[in-house]
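Given below, in the form of structure tokens, are the structures.
Each of the two complexes below includes subunit A, the first together with subunit B, the second together with subunit C.
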Partner chain A sequence: MKRTLTSAAVAAALAALSGTAAAQISDGVVKIGVMNDMSGLYADIAGPGSVTAARMAVEDFQKTSKAGLKVEVVGADHQNKPDVGSNIARQWYDVDKVDAIFDVPTSSVALAVSQITRDKGKAFLVSGAATSDLSGKACSPNTIHWTYDTWMLANGTGNAIVKTGGDTWFFLTADYAFGHALERDTEAAVLKGGGKVVGKVRHPFPGTDFSSFLLQAQASKAKIIGLANAGGDTINSIKQAAEFGITKGGQNLAGLLVFITDVHGLGLQTAQGLIFTETFYWDLNDDTRAWSRRFAAANGGKYPSMVQAGVYSSVLHYLKAIEAGKTDDGTKVINQMKAMPTDDPLFGKGSIRPDGRKVHPAYLVEVKKPSESKGPYDYYKIRATIPADQAFRPMDQGDCPLVKK
Partner chain B sequence: MDTIFGVPTQALFGQLLIGLINGSFYALLSLGLAVIFGLLNIINFTHGAQYMLGAFGAYLLLTKLGLNYWWALLIVPIVVGCTGVIIERLLLSRLYNLDHLYGLLLTFGLALIIQGVFRNEYGSSGQPYPIPPQLMGGQKLDFMFLPNYRAWVIAASLVVCLGTWYLIERTKLGGYLRAATENPALVQAFGINVPRMITLTYGFGVGLAALAGVMAAPIYQVSPQMGADLIIVVFAVVVIGGMGSILGAIVTGFGLGLIEGLTKVFYPEASNTVIFIIMAIVLLIRPAGLFGREK
Partner chain C sequence: MAAVIQAVGTTAGGAETRALRLAFLAMVAIIAIAPLAVYPIFLMKVMCFALFACAFNLLIGFGGLLSFGHAMFFGMGGYVAAYSAKEWGVTPELAVLLATACTAVLAWVAGLLAIRRQGIYFAMITLALAQMVFFFCLQAPFTGGEDGIQSVPRGKLFGVVDLADNRAMYVFVAAIFLGGFLLIWRIVHSPFGQVLKAIRENEPRAISLGYDTDRYKLVAFILSGTLSGLAGGTKSLVFQLASLTDVHWSMSGEVVLMTLVGGLGTLFGPVVGAAVIVTMQNYLAQLGAWVTVVQGAIFVVCVLAFRRGIVGELGALFKGRKLR
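Moving on to the complex of A and B:
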């Protein structure tokens, strides 16, 4: 206790000394809270790796910044439960003086945290969650949706597959906010492309055995089985589809949300040929390669997922906005972030729209055959790049109340 | 084509068969729990972690030592069973005179520690484990494609379950065991080493969990979470069957697999909850479980 008091006093003194730049930083410290699934299904996608990414962003920001901001990073495990996540968010904002919450995979938790952040006038930068409602009907002046969303995944993957003849679909959907949003957005993309949805089944989250649902998909005779789930659920679905001879029988799987960590877990033998959409791959250019190797060294050799890359990018931009706007007031920082163009080594140049949607290019990738891969994490062939202005849902279609029609 | 409530009968057969496969895992796992509870009065919450250890054991044997599935089936249950023996000797044996809750807390804590260590080492996405080459492929039945491996799981599980039931309910050794739980002092007076018997029983129950883990490795991803997800359902199975009843655990294991399979066809959203609904109903009508005896 004594130590915290002293460090608080030192921090306050430092803040006072560093002059005007830090004059409006609450408590003299910018406190960043990374909240995600630290131990369950999504721990590899986000988890402790996201905290590492946030720390790297702070490090890189301090190297170039002259503001002398004092920044602290804390992490917490929401266990994919909205009630647990809400409690942490309240505790962080009310007691622990956290200024902004980052990451938060699992859409149902992210929607809850977004509402709390809005009530408290803080800042929420979502990297892990997918539901496009965060920049649609549930958009908020205090929330920015950073890395990807269900509309973008659906549009990228759904469109590409319908165009190449996969025009009848059956959905295997995780039964919660994220799965429903992904299914809805993909269905829209399929219908728009002239395809047809012949059936769907909703499985409990998280599930273990998918064979029953896969047999229903098989019986539907759909050409494409769309997996509107994520993480371990997707891995097990793909594995069991191979076991039940579904892919051999002529039906194809479409992974609607697949991360590089999933491909790593499945192995190329099982995952080869799978097509899906990502917004980040470590092997895109020299900048992403250099950063990813640094990240892997700090993360037990595991390469970054797009969620972790997104945490880095969002923390960096958040700190830049505080430096530029000279305040860490939640609503003001978010406005400042929207006003400034984004630029970082991972996602390149981009921008944030008034509805809170960060836009950048997306990549349609195909998993390599084992013979094509040179080693661990050499997994993707980039089939197409979807430019930033086409990758995400047009602002006028999202029903976001912040956007005047 | 004939239909039942709008579902073709053919498809229904397929779903029932899959229910049976999942039921074999429930039966195998709840069997170990029932043995341990019936004979030691310990609520073994480490069971899920021990099932996970079985799967990881198979994975490690294959990747580190190059030993295949069949060796794993033999070696892993023995090795994991031995770790069970150590846990029983060092920790559990100190709790027999205390309330059930102490055993529950200890085993739950152990499970968290074991899972945490593995998650730290291997991450949460899990590791792939191939189906053994002898059991690759499958049979084209009239109503579905049955992978050979799944057929093997049903058969192996049935043999193990019935063997265990026979051992405990019908042999002299089983008789000693059951007598030792009723009245340890009297059995000891006849010159039987009761503490050692109890230790070995725990090791055996743990070995059963590891065996289920090895059998699950090729089907599910080998991940630190795999046991935690399953153990709650398995506890419900044991409660419905009647705590400590071996036959109850086997019959309810398979039966609930079937019921769950049907739920997945008619109302998939409820397939996670249906077992708990049944548990609530059973507890209201027969508090000791379907096959349990009131004490």
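Moving on to the complex of A and C:
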């Protein structure tokens, strides 16, 4: 370790002395580690698809780049366990010479990896994890939070639904810290937009039977039933709401953490009328359509989730920053990434804030009725577009120590 | 009494004691040399799980009590150590001791309730208690809910040795593991351990001999829970985090798996089992979805082909050869 440090220092000194612009790439290879849940709950949202997305980003980068970088992509399964994830991260950085880690769904794992990345001075680009702490209290000069976060979901869904007519709300909340936080943030957005919360009920986590809670929600006559829960709880509550005919009765469900893969799994018959926020949909424009078809062909016919799109976009920008900055030193690359505006076919033009938050527009989508859909994955109607500067939490409200007030 | 005499007879046999000592020396040698070849943090993880499995084995292998809730001790130990090190800034040895003390109390309460029943009912009571602890950890503000307690400082041992250095941390973990292991060895071969084995073989007979079996079982339960807490507390310092994974019921299942694969009721079995399972989780992580499949297949093969576990089968092999 010491020897590599010294030789790196010597190399750096030599390069500086001779004034050449030779790229300083550690071990001559940029090694990208995609770490996520390959077999469990989030395997469809991220999983092997994220590795495919990273490989596509490398391909596309090599087509246009003249830097001749050698790039390698490796993947691993953190099984949603922070200690497994933290073990992989340390081993990747210490032994396997990985330069940057991407994706990492599951907030507890992402927070752990973020800390390790900071200690080792590498780069961490989060696409899969939701917690807005990553660009708030736990922000780091080595971490960029790319695709979405809980504040954006709560605010986007809460605010935009109120603006498009859904002004009375009833919350169905998972009874633990994450559910409470989602409910609190969404409620704040609803009230700010001029809406009203007519009631809320907390269900045990994880829950299987939501019937009594759903009946209360139905009886409240609220226009929107907000599902402040995640994963299996959301799926089960949507399924049971369909059985009670809640959507047919004129009420809409608003999911706070829903992905296109969930809609695909539920089917339009069950999921129709569900409203939620995403930052990427494959059917936005010609670029996203072309890319998504290519992705689906490489991913067994499955269309990309926003997390997988985020991995593509973050890998692409990371490599561009290495080309521009001529180094793969973690902290320097992150600074370079923040300094450069982002531009890619999926998220369009965007930027990265000093607190490590990547900003781009978000979309409030409503799931189509089966009769409106023209085929597989034709699922969303875009109800509203939230511009990039309003989609994410303002920097001064995040309590990020990197940002001076 | 026959069981007691037999138990004393087998464990006090000169050849076996010698074999155990040799195995222990070999283990110490491996622990000393391994970090040169293998990634030290991985080894520390193995040692934490090995201690956890040994503590669990003390209860099931020597006391015959199948607990399905040991994650509550392991996880709680982790939370207490992480919280005290991060929020109160105590030194690592104090954090680990606090974790151990808290789990001892938890084990005492859980034990009082659980040991009143045997077999499947005992397992179910421990599972129920562990679920209660899980929900407590999910809801209590100090555990950080889903996010867990993150970026725990490793601190300075006795205020002097900086544990941020992996080598110092390795020695610290190795000392805790070997200490815990020797303690279990001593317990198993003490008169208390002999009575415990007698209870495992035939509880009514142990009662008829005048032993207050409930008290023996309670003490065994507390010892096992406390050592699990010690393992959990140490693990949270190694990884600098404590999370819901360690209190989840699947962790209780994992420790059963480790003990079974290694060899139930053998001293070294849980160590080998923990090493095998943790290695699989670690090095098969690249295989993605296949990890659980491979793990399941190994479990099935283990139960079908060598039911005594790796170490148990090896022991039987040696014994068989000697008899011939």
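The definition used in the following text is that the second predicted complex is superposed on the first by the 302 of 405 C-alpha atoms of A that agree within 3 Å, B and C clash if a C-alpha of one lies under 4 Å from a C-alpha of the other, contacts with A are read in each partner's own complex, and residues count from 1 in each chain.
As a convention for this text, contacts are C-beta pairs under 8 Å (C-beta built on N, C-alpha and C of every residue); 3 or more make two chains touch, one makes a residue touch a chain.
What you see is a predicted model, and the numbers here were worked out from it, not measured in a lab.
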Partner chain in contact with A:Gln115 - subunit B first, subunit C second, else both or neither: second
First, second, both or neither for A:Asp175, with subunit B first and subunit C second: both
Partner chain in contact with A:Pro206 - subunit B first, subunit C second, else both or neither: first
Which of subunit B and subunit C A:Ser107 touches, first, second, both or neither: second
A:Ala43 touches, of subunit B and subunit C: first, second, both or neither? both
First (subunit B), second (subunit C), both or neither touched by A:Glu278: neither
Touching partner for A:Lys239 - first (subunit B), second (subunit C), both, neither: first
Partner chain in contact with A:Asp83 - subunit B first, subunit C second, else both or neither: second
Which superposed partner A:Leu266 touches (first subunit B, second subunit C, both, neither): first
Subunit A positions touched by subunit B in one structure and by subunit C in the second: 39, 43, 47, 175
Subunit A residues within the subunit C interface of the complex: 38-39, 43, 47-48, 74-84, 86-88, 90-91, 94-95, 107-108, 111-112, 115, 131, 133, 138, 175-178, 205
Parts of subunit B lying in touch with subunit A, wherever the complex brings them together: 8, 11, 14-15, 18-19, 21-22, 116, 119, 123-128, 131, 138, 144-145, 147, 149-150, 219-221, 223, 225-226, 229-230, 261, 264-265, 268-269, 271-273
Contacting residues of subunit C [partner subunit A, same complex]: 39, 41-42, 45, 138-139, 141, 144-148, 150-151, 235, 239-241, 243-246, 281-282, 285-292
Complex contacts: residues of subunit A adjacent to subunit B: 39-44, 47, 175, 201-204, 206-209, 211-213, 215-216, 219, 231-232, 235-236, 239-240, 243-245, 249, 261-262, 264-267, 269-270, 302
